[in-house]
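Before I ask anything, let me first share the structure, which is written out below as structure tokens.
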Amino acid sequence: MIDYDPHQWGHHFFDLKGSMVREIVGRLLVVTLWATGVVAFHHHVQPIGIPNIMHGLVGVALGLLLVFRTNSSYDRFWEGRKLWGGIVNETRNLARASSVFLRERDPALYRTLVQWTVVFPYAAASGLRGDKDLGPVTAQLPPEEVRQAGTAQHVALAVSQRMSEALSEGRRRGHYNEYTQMALDQNVQQLIDYLGGCERIHKTPMPFAYMVHLRRALVIYCGSLPFALVESFGWGAVVATFFLSYVFFGIEEIGVEIEDPFGTDENDLPLDRICGVIQANLLALLPSETARPD
Amino acid sequence: MIDYDPHQWGHHFFDLKGSMVREIVGRLLVVTLWATGVVAFHHHVQPIGIPNIMHGLVGVALGLLLVFRTNSSYDRFWEGRKLWGGIVNETRNLARASSVFLRERDPALYRTLVQWTVVFPYAAASGLRGDKDLGPVTAQLPPEEVRQAGTAQHVALAVSQRMSEALSEGRRRGHYNEYTQMALDQNVQQLIDYLGGCERIHKTPMPFAYMVHLRRALVIYCGSLPFALVESFGWGAVVATFFLSYVFFGIEEIGVEIEDPFGTDENDLPLDRICGVIQANLLALLPSETARPD
Amino acid sequence: MIDYDPHQWGHHFFDLKGSMVREIVGRLLVVTLWATGVVAFHHHVQPIGIPNIMHGLVGVALGLLLVFRTNSSYDRFWEGRKLWGGIVNETRNLARASSVFLRERDPALYRTLVQWTVVFPYAAASGLRGDKDLGPVTAQLPPEEVRQAGTAQHVALAVSQRMSEALSEGRRRGHYNEYTQMALDQNVQQLIDYLGGCERIHKTPMPFAYMVHLRRALVIYCGSLPFALVESFGWGAVVATFFLSYVFFGIEEIGVEIEDPFGTDENDLPLDRICGVIQANLLALLPSETARPD
Amino acid sequence: MIDYDPHQWGHHFFDLKGSMVREIVGRLLVVTLWATGVVAFHHHVQPIGIPNIMHGLVGVALGLLLVFRTNSSYDRFWEGRKLWGGIVNETRNLARASSVFLRERDPALYRTLVQWTVVFPYAAASGLRGDKDLGPVTAQLPPEEVRQAGTAQHVALAVSQRMSEALSEGRRRGHYNEYTQMALDQNVQQLIDYLGGCERIHKTPMPFAYMVHLRRALVIYCGSLPFALVESFGWGAVVATFFLSYVFFGIEEIGVEIEDPFGTDENDLPLDRICGVIQANLLALLPSETARPD
Amino acid sequence: MIDYDPHQWGHHFFDLKGSMVREIVGRLLVVTLWATGVVAFHHHVQPIGIPNIMHGLVGVALGLLLVFRTNSSYDRFWEGRKLWGGIVNETRNLARASSVFLRERDPALYRTLVQWTVVFPYAAASGLRGDKDLGPVTAQLPPEEVRQAGTAQHVALAVSQRMSEALSEGRRRGHYNEYTQMALDQNVQQLIDYLGGCERIHKTPMPFAYMVHLRRALVIYCGSLPFALVESFGWGAVVATFFLSYVFFGIEEIGVEIEDPFGTDENDLPLDRICGVIQANLLALLPSETARPD
């Protein structure tokens, strides 16, 4: 993710990085060349201009469809952010709520529980990126369990299993009763829910029909623009087509960039940083002798 | 569902499959023939052109109604996806949370519980498609119970009954107390809620009045377009009417395609694949000797 | 509710029933007569045409207000459907979750509980329609209790009271403990919540100011349309005014039709059918000798 | 709140009450006088007409901002209604769920609990209106407690305290265990949540920047309208400006009227009636000798 | 936050404070100077006017994108307000629900719990503002614990830890059982969730691509406005460009002002006042001898 201060207007105005210029430059070039050809044909071969009524009539519906699509993508971006915010909250809650039962009375078990909890977001993030990674805090965990979890069919699910087992061990050792175990396990359940939500966003793009119809309508619209503009703009129609296409293709591309925000692009969520925050918050709750793993 | 990479612009641009061309081609043909007739009449019999003011005035409201309808359908599509994401989550949670009580101590009961849990999404999906099917993982379950469930008035409800009974059996055998039973049963309850949500979407189309008024308005709009375009476009009015109708009918058709996403069309949700993912995740949690059913 | 297949374009295109033609035909007639008068006056007495700029300028805001209102009504329709979906879910959940405790051990009490649960949606639906009715499944319930519930100040609330008492009786007879009782009672609580949601929708129309301002703006807009169209359309202005008014009044009427979806109109929810589905699902869970009440 | 039947078009069409005419008549007069001056100046002193392009260009953004603001206010109105619907539900649920434990065994305590529960909505409503009132059902409650609650720093919070104490007393007297107490107390907790939601809506208007920018843009737009209309409309520009301003200012005023729906205006929620419904529902649940307080 | 009465139109109409004039005046000056240069060039050097079709065509999509962005920011503002409303509710609920167990029987522990609860919102608010502060109510708390919490890695998390420990101490002293402890701790959990929600909003601006594309499109639009207006408006094009830019840049700036509402600007939420309300509500619940800390 690119950090920026929205109050500063000028700072990133000419950035290439993250501003989708590289993504849409190809389409823009094609449209501009096409517009040049149309205008040249109109001036040198035979007038082929058309009235601009058609573009006015279809503009409202197309603009709405375009901006709604971008907004649906933003909703997915924001839902993804909420889900990761939920992962932050529930890891904190699990570590905090269990600490009153375990921190003093069974620091070793508490450390195990907290460390598996720190591992969970790393496993979740790498799973969303098609990878299997447990992050930096695995040195003090049982190597065999770490190996098993790291090679499981679903890594984050295996990690959550370890967390549930640590909670179950706490009950077996008499630190709390079955009710408290289940109440603490609710936090693990919510972690699974949030991860499932991320997988849902990651695996389900916009419906195919929506995407393909919008793109075809956009291409028809932009491709016929030079015909509609050539009579009133002359050679300026090339520039005008370029600008209009830049705005329209850019809006569509925003939707593409942010609809699956779990990758490592400039417009994706800073999952690594969030995992780091969770790690810092949780390890700070451990009794001091076991605090920092380095 | 059609898998596609939204970052690739060109790949599916000319696809017929899933892009609704086959669905709307009939309407487009009618409108285009009508437009040809109108233009021919205008040129050869008597001028019948009208100003295009009317289409401009009604365009905003009609475009809004059209795109809102498509968006409402998308919300249903996305809600359906969320509900199935919830089914993924709760089946995982049930298998995970019960494993600490049952997996070691009563593997046979745990296997029964997990396998009925794997059956649930298959029963739910086939029920939404008007069918009664329990999926591939029924070989190790009691044949009589399988037969009863598969012929019940509501198959998925009968399967959930079996899950509740397995949970109840666990308490009767002393693996956990009544509180834990009810806490685990919450997951079954949520599965019923999610399935009920799917049935709600499946059985309730857009209100009849909304659908029929939108279609009539669309037909009036597109049918009167050639009159409004013929004076400024001449024979080009046929092409312009075709393009505008393509965009408008296409937007309306998106709404139809995705408002009930539980079928087997190209734009429906990949329920079979989701059921397969649940099966793989859950069977991987079983103790190794009982893992793969093949 | 009218059942229709949204994939079939032509089937209901000319339906009067449910398509709001009867509701708006009066308004349309007035506007059309008015338009005829205006055009006649313009042609035979004195030109009274005005430019159409004003309608263009106000069209966006008015169209937005109109479609937003229709959409808010659709949200209410859909929320109402969700609430009834919730009633389906929670009646199922109550019957399913209690069955593991009661079905075998105390079939009479289980039957009583399930039958009161079947009564609840009938009582809720008739209450929303200003009636007091308990539906068809009351023959096996204690007549005195049925009579009391059927004449209570709030019938569905009294029925829910009976359900709570059946759950309480189960605890008193030792079938489960107080915790399970409260967990099962949660389902009754949710039924009350859903019914309360329906009553909220039923009793609260759109804010008066919103409704009245929208209608006045619509009347001004449509009433001044013939003046704006007469110069460019001539006598065609009558037809154009008719079409535009049909679209606008129709959109407004959709909002009216679906904002309170608990009645018995063509565009209301099929509450009777939903009650029947609940009845069929729940009675199928009863032990066989008590299954069908006929 | 004004009760009206949305199916009746004509009934309230000319109402002054609740239709915001009195609120916006001042602004309309100023704009109309200004328009008269502009047109007079244009005709008698010197032409000052401008093209209407500017208004067309800014109209979409301004119309959107305007209608979105009105819609945000409607969302607040509807959220306020939902919160009060929640208060109805939870008071019902508290009285219903506690009745199985208290109604027969300890009618005096049950009556105390129910009566404090009836007091809560009255205290909440009067608190939202800047008042301290406990409603009509306090005669049978301990006068000292009533006095203390009625003069507390936060009246409704003090009432909820009494409800929690009644629930606690029930446990101390052995009618239920600690778990049931906490489960019943959840309803009190939700009442506090809903009241907090109402206070949030009441105390937080639209962001200042949003409100002030929208109003300035509206004034610029309407104030420059006569210049843009005078050339094509002549003296009709005064009427046209009046109509457009009426529509725009009216839409803005809807937003103001309904954004804080807890007052006693015509467009506010009928809190007194809702409190009365709660009172009737709850007192009907009391054993008969204590039922009606009059 | 600026307090204002939305029913009063005139009161703040000319305010500079909070109305974003200072924020956008620079951009407006640049655009106006540019417009002056363009018009001067057009009149004195060579005609450079273009038709205004382009601006009409792109206006819908741009206006939608602009207003949707502002609306998304408003949603964040309102979500932030809801989260702080939730903090108000849960602090109240914790103090209220625990009072029946602790207030009479262990006033010292109750006072400790309530005072840490009062500290939480202060710690949360200052944390959101990049500060570490515990507010005014720390005099009666153990100084060592106050010092540790005030210097912790995450202050509010450390404070919540103290609250959980006070609740745990209550169980250890036998005032309630483990179930009640966990039920009360739910309120602490929700406080953590709400704070996490605020941190999410604070740390995640609109996606970079959305922001930068919108600003570029706005600059192209406003920068090319004078060319499109100069032919019909003459020197008036400078004024028209100024007005249109004022409206557009202002709408964009609203979005910037309210998307992170936890600062101390005029359009931010009144966090200090909310903390004060919580403090007043909670301290009023303490037994009288310990009530006011001054």
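Which chain is which? They are A, B, C, D and E, in the order written, and residues in each are numbered from 1.
In this text, a residue touches a chain if its C-beta (ideal position, glycine included) is under 8 Å from a C-beta of that chain, and two chains touch if they have at least 3 such contacts.
If you're wondering where the values come from, they're calculated on a predicted model, not measured in any experiment.
Novice: Steps needed, at minimum, to get from chain B to chain D via touching chains?
Specialist: 2
Novice: How would the chain B/chain C interface be labelled, same or different, where same requires over half of its residue numbers to be shared?
Specialist: different
Novice: Where the centres are mean C-alpha positions, what is the separation of chain D from chain E, in Å?
Specialist: Going by mean C-alpha positions, chain D sits 23 Å from chain E.
Novice: Measure off the straight-line distance from the CA centroid of chain A to the CA centroid of chain D, and report it in whole Å.
Specialist: 37
Novice: Where in chain A do residues touch at least two different other chains?
Specialist: Residues 56, 60, 62, 64, 179 of chain A touch two or more partner chains.
Novice: Based on which chains touch which, is the overall arrangement a line, ring, star, complete graph, or other?
Specialist: It is a ring, because the chains touch in a row that closes back on itself.
Novice: Can I get the ring sequence of chains, opening with chain A and turning toward chain B?
Specialist: The chains follow each other as A, B, C, D, E, starting at chain A and passing chain B next.
Novice: Note which residues of chain A are touching chain E in the complex, please.
Specialist: Residue positions touching the partner: 1-2, 4, 6-7, 9, 12-13, 15, 18-20, 52, 55-56, 59-60, 62-64, 66-67, 70-71, 74, 77-78, 81-82, 84-86, 88-89, 92-93, 96-97, 99-101, 176-177, 179-180, 183, 228-229, 232-233, 236, 240, 243-244, 246-248, 250-251, 253-254, 257-258, 261, 266-267, 269, 280-281, 284-285.
Novice: Provide the residue numbers of chain B that touch chain C in the complex, in ascending order.
Specialist: Against chain C, the touching part of chain B is residues 23, 27, 50-51, 53-54, 56-58, 60-62, 64-65, 68, 72, 152-154, 157, 160-161, 164-165, 167-168, 178-179, 181-182, 185, 188-189, 192-193, 196-197, 199-200, 204-213, 215-217, 219-220, 224, 256, 259-260.
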